[in-house]
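A, B, C and D are the chain letters, set down in written order, and residue numbers restart from 1 in every chain.
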Amino acid sequence: MKRIGVFLCWCGSNIAATVDIEETMAAARKMPGVVYVDHNKYTCSEIGQAMIREAIAAHRLDRVVIGSCSPRMHENTFRKTVEAAGLNPFYLEIANIREQCSWVHKDKLTATEKAISLIRTAVAKAARSEPLFSTEMSIERRALVIGGGIAGIQAALDIADAGFEVDLVEKEPSIGGRMAQLDKTFPTLDCSACILTPKMVDVAQHGNINLITYSEVEKVEGFVGNFTVTIRNRARSVDMEKCTGCGDCYAKCPSKVDSEFEMGLAKRRAIYTPFPQAVPNKPAIDRANCRYFTSGKCKVCQKVCPAGAIDYEQQDQLVEKKYGAIVVATGFDTHKLDNYGEYAYGKHPDVITSLEFERLVNASGPTGGKILRPSNGQPPKNVAFIQCVGSRDKAKGNPYCAKICCMYTAKHAILLSEKVPGANAFVFYIDVRTPGKDYEEFYNRAYEECGATYIRGNVSKVFPDGDKLVVRSVDALSGALVELVVDMVVLATSVDARADARELAQKLSITTNAYNFFNEAHPKLRPVETQTAGVFLAGACQGPKDIPDTVAQASAAAVKVVSLLNKESLLSNPTVAEVDIKLCSGDMSCLAVCPYGAIAEKFIEERHGREIRKRRVAEVNTALCQGCGACTVACRPGAINLKGFTNEQILAEVDAICL
Amino acid sequence: MKVTTDKINSNLIKEVEEVSGQKVSACFQCAKCTGGCPVVWAMDVYPHQILRYAQLGLADELLNSKTLWICASCQTCDSRCPREVDIPKVIEALRLVLLRARGGNYLHPNNLPARVLENAPQQGLVSAFRKYAR
Amino acid sequence: MSVKPEGFEPLIVAFCCNWCSYAGADLAGTSRMAYPTNVRIIRVPCSSRVNPSFIIRAFQRGADAVLVAGCHPGDCHYHSGNFFTRRRFTVLKQMLEYMGIEPERFQVRWISGSEGAKFASVMNNITAEVKSLGPNRKLRDAR
Amino acid sequence: MMGQSEKLQKIAAEALEQGQVTMVLGWCKKDFWWQAPVAFITDPASAARLVWDPFTVYNPVKYLLDNHHCHEKIGVFVKGCDSRAVNRLLQDRRLEREKVVLFGVPCDGKTDAAKIKAAFPGRKISAVSRVDEKLLVDTDSGTETLPAAGYLLDKCQTCRHPNPVVYDVLAWEKVEPRPGVDDARFVRVAAVEQKELEERYAYWLRQFDRCLRCFACRNVCAACNCRTCIFDQAEPRWIGKASDLADTLNYQIIRAFHVAGRCFECGECERVCPADIPLQELNRKLIKDINEYFGEYEAGLDPNDKPPLGTYRGEDPAGFDES
């Protein structure tokens, strides 16, 4: 039989005015297992806590029930109290007789009756409580950042500045990401390269950052504080140690292919750096397009390389490293326009996407920053900008708003007016959305000062007429049909999740929404965490985002990483699920409902007569389990139980209430 | 043309949605339908306006518009609509709703003489019920 | 039909998730929103911890009504727990009604940590509803 | 032409001879004309014991749970319902597909012996066989002919999948589902739904009052495949052991809940119930609700599905007040 002590708190008059303490004490004395009952004016005070500690010693109590305020208020206080007296902190149960009794009831008779019932319930639960322990887990004081765009760069720099080692993995030969492709940035129109490249250089030079380009995450194992990640270093065919980045190789390479960085508006070589300010500024060989790799002949780059850095024999390498925390910053893809034949994209060279336009405006772009029509190299006089291409379109595109297009289209209209004096911008929109500091003013500037004409109507068709393009729409506000003859059409292409986002989510055991953007742990209160402890999100991989939001989220993720890595050790949550393998059928119903990937199957061996049989059972990773208990109900034989809220305890509570 | 609470609260949109099976309220007035309509030159009320009028309960304006009879149901609009509204179906529903309203309710299957039922073409019967029965 | 004894006070067992509904109950307390004493709360980490067996057991032992309360869908502290709650208890509730248990006897509600007033009004309503139904004899132990 | 029993015998004998399997589960004839219990055949010679007759209703699949450890590979004859039991065990990871060879047997419905007996009160029946849609009943006063359709087991009258949904070999041509089975599926559920609340409670009380808690419904059920059933555990005591109607209701409610989204409508629970409790009215009610709330789902068709209660959609409707 347990030796249970019950302590009632007056909370001054907060409880005592409504609940008859004497009568409650008398009732408590008769409850099964109760050997000691006492009361105090303020149990949470030092005197009150001392009284509990002394009573535990004097009366050899092994379970403690306190009738007081909500456990959400003082559970931790009192757990420490009983722990100080030598008991397991989880031997404590609190009966909430203040918030859920004395404060909400007026009649002393019925309130006392209810208080007695609440105490009885807590006693019943306490009698079945087991000692629970947190396990201490070491932390690998190193972070992994996946993705070297502005989000990954910012997160890596912030973590590194706090004194922790960071590995930054980027799948392209250079970091920089989408932001490196942009010309100017809204709403200030400062040049993207001017603010980004110094940060890229900082990354390269930071003593705490280890830059791993041309590489991808292959496999993730482990849990918060102790991830083991396998990284695939793709064969670059260039020895990074020897290469000086002189550029002789790509000047001489005979194989030309469309440059991804230039959105196909210019060519690059098979051995290449994506752009002149690349970090690291050392090329990689794109083997799919390299003459040597496709035909076995060429080796021009090897011949011209003064450093002897070209190595055709390099192989992909798998490197396994340990990390305490992971930041995912893999960015976005632009929407494919296959479903939008009506805009003549791909059929007419002067219909381009917004990112292509970005390259046209860029001083280091294919036209040297001159806006010229791809068809004839002449500056355009009239340009139509079509918004929401692939956005807000549940029929053929993304039903969501891509968030950044209204602002960058306003930017494009402004840049057009600056770069091509006298040119006219026509912006076709459904709604213009500009929430953000100085954003509305920026949009105002586009039509007030820079002469852009905004037309409220989605474009229905674009078709060539001679060397011009005809854009057909309607101005919904006036009801006037619109038919514009323009020189260029710019499509504000929607933002998609990365094509491989779901694959990466599976590796990290995080979840995605219906459109493959990674899910945050809570949409409002935990915006940079995921449900997997130790994995954090930054930037557009979590949802469409502009640069200011991306940088803010990256820094926020960095703070989360730093505060995690700063800890001496991690204490696991002791109220976790636990499998009784005797009962477990191994059907893994529990695994299906676990939001944290905390349950895995394992095989145990059992003796049956002379033979040894293998049997599947569930196993809980206590580092990942957060203790929700969804698994306990999914498990039909009740083989998985939740410590601190066991089936036995809850059934006993039900029985005690209904007594 | 005037929008009033009575008109907005009228059952028009509900009725049109029920008959057409289309969600008229989904339209956010991007007007892509109108921009691509091949017979819009002959219309007095444009397709996106038809949807807007329906949303606002402007029954008279819809009733008197030529558009309902000009729409060729070519489906160009519906193939491009980002909100998955099949506009020709909405327009057909408007025709039905308005025709029914005009037609009154004096046909009942039980009251038709057997002779008519036997001899009248089926399509004629269906059409008559459309117009003169509720 | 059951006969209502004079002055019948129903017993209501409420399973409340720690993060939303239990916090909502605490808020009703700190805001001093009065409600009848008939309800007894069992604190669970998440509404998805509530096993249908607990509910049937409560009826067996004499509860006149059972309430399961959790975070609003999409706000679950554990991300998806209440989505499972919703499926499980949609099924259980229909089954109980199909077996002749009054719908008022078993209720599921979403009550957030900021909805102290809602907590109090749900308690007021459920108590009033069950009072007018009278004591529950169905599913109850013969003792 | 080879008879149906001979076809099964040949399949089994060949599989055993070729060493494809080391045991075959099928049906055999024992003491009574109205029974065709499950046979465990381990040598080709014994394959001749196998039969296919109007009474081969028993589901051999659940026996795999006890036997699959001792054999490299087991051959199992499966009717439509039995094949769905295989998928049930696969989905519950209680069986591996590679461990079994499935001999599919398209089934045109099994005969209800009680109905036959009732048709010939006072007469002694010695054998019943089936030829196409006719039943030939050998009685002490001559052979009588009955239409097979009129003497089917109730569960076979609403069978939507008479053909195996998964198999490696098919014994013979597939058959057509009986007309009207889709409409018949929820007729009994709807009838109960239409009763008044108090009437419903009284109805179920009447039914479950007869329950002996013999657990036959559970034991026969392929969806009830836990190693240790929750109702067999001593601690925690989920259910009282005494014969209290409340404990019986508790058992029946939780049993139905445990097969929610997993029951594949074989109807065995109802057939084996010694108290004739209409358990399918409960199981099918849950199927009907799951279909209505969370979208059509039929268990036992695809072992890779997630059962409806093991998954969710954010936009699911709720069967309670969500305000």
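Before moving on, here are some points about what is shown:
Everything that follows uses one rule, which is that a contact is a pair of C-beta atoms (placed from the backbone, for glycine too) under 8 Å apart; a residue touches a chain by one contact, two chains touch by 3 or more.
Just so we're clear, the structure is a prediction, and the values are computed from it rather than from any experiment.
Centrality by C-alpha centroid: the chain sitting nearest the overall protein C-alpha mean is A. Across the two candidate interfaces, A-D and A-B, the one carrying more C-beta contacts is A-B. Measuring from the averaged C-alpha position of subunit A to that of subunit B gives a distance of 47 Å.
Averaged Cα coordinates give subunit C a centre that lies 37 Å from the centre of subunit D. Among the residues of subunit B, none is found touching two or more other chains.
In subunit D, the positions touching at least two other chains are 230, 238, 309. Residues of subunit A found to touch two or more other chains are 593, 634, 638, 647, 651.
Interface residues of subunit C, counted against subunit D in their complex, comprise 1, 52-53, 56-57, 60, 73-74, 80, 83-84, 86-102, 107-110, 138-142. Only residues 70-73, 96, 98-101, 103-107, 110-111, 113-114, 117-118, 121, 511, 519, 521-523, 531, 575, 593, 595, 626-630, 632-634, 638, 642, 645, 647, 650-651, 653-655, 657-659 of subunit A touch subunit C when the two sit together in their complex. Those residues of subunit A that touch subunit D in the shared complex are 582-589, 592-593, 608, 611, 613, 616, 634, 636-639, 646-648, 651. Only residues 342, 388, 392-397, 430-431, 456-461, 472-476, 479, 481-482 of subunit A touch subunit B when the two sit together in their complex. Within the complex formed with subunit A, the subunit C residues making contact are 9, 11, 13, 18, 22-23, 25-26, 28-30, 32-37, 40-46, 48-54, 57-58, 61-63, 74-75, 77-81, 84, 88, 120.
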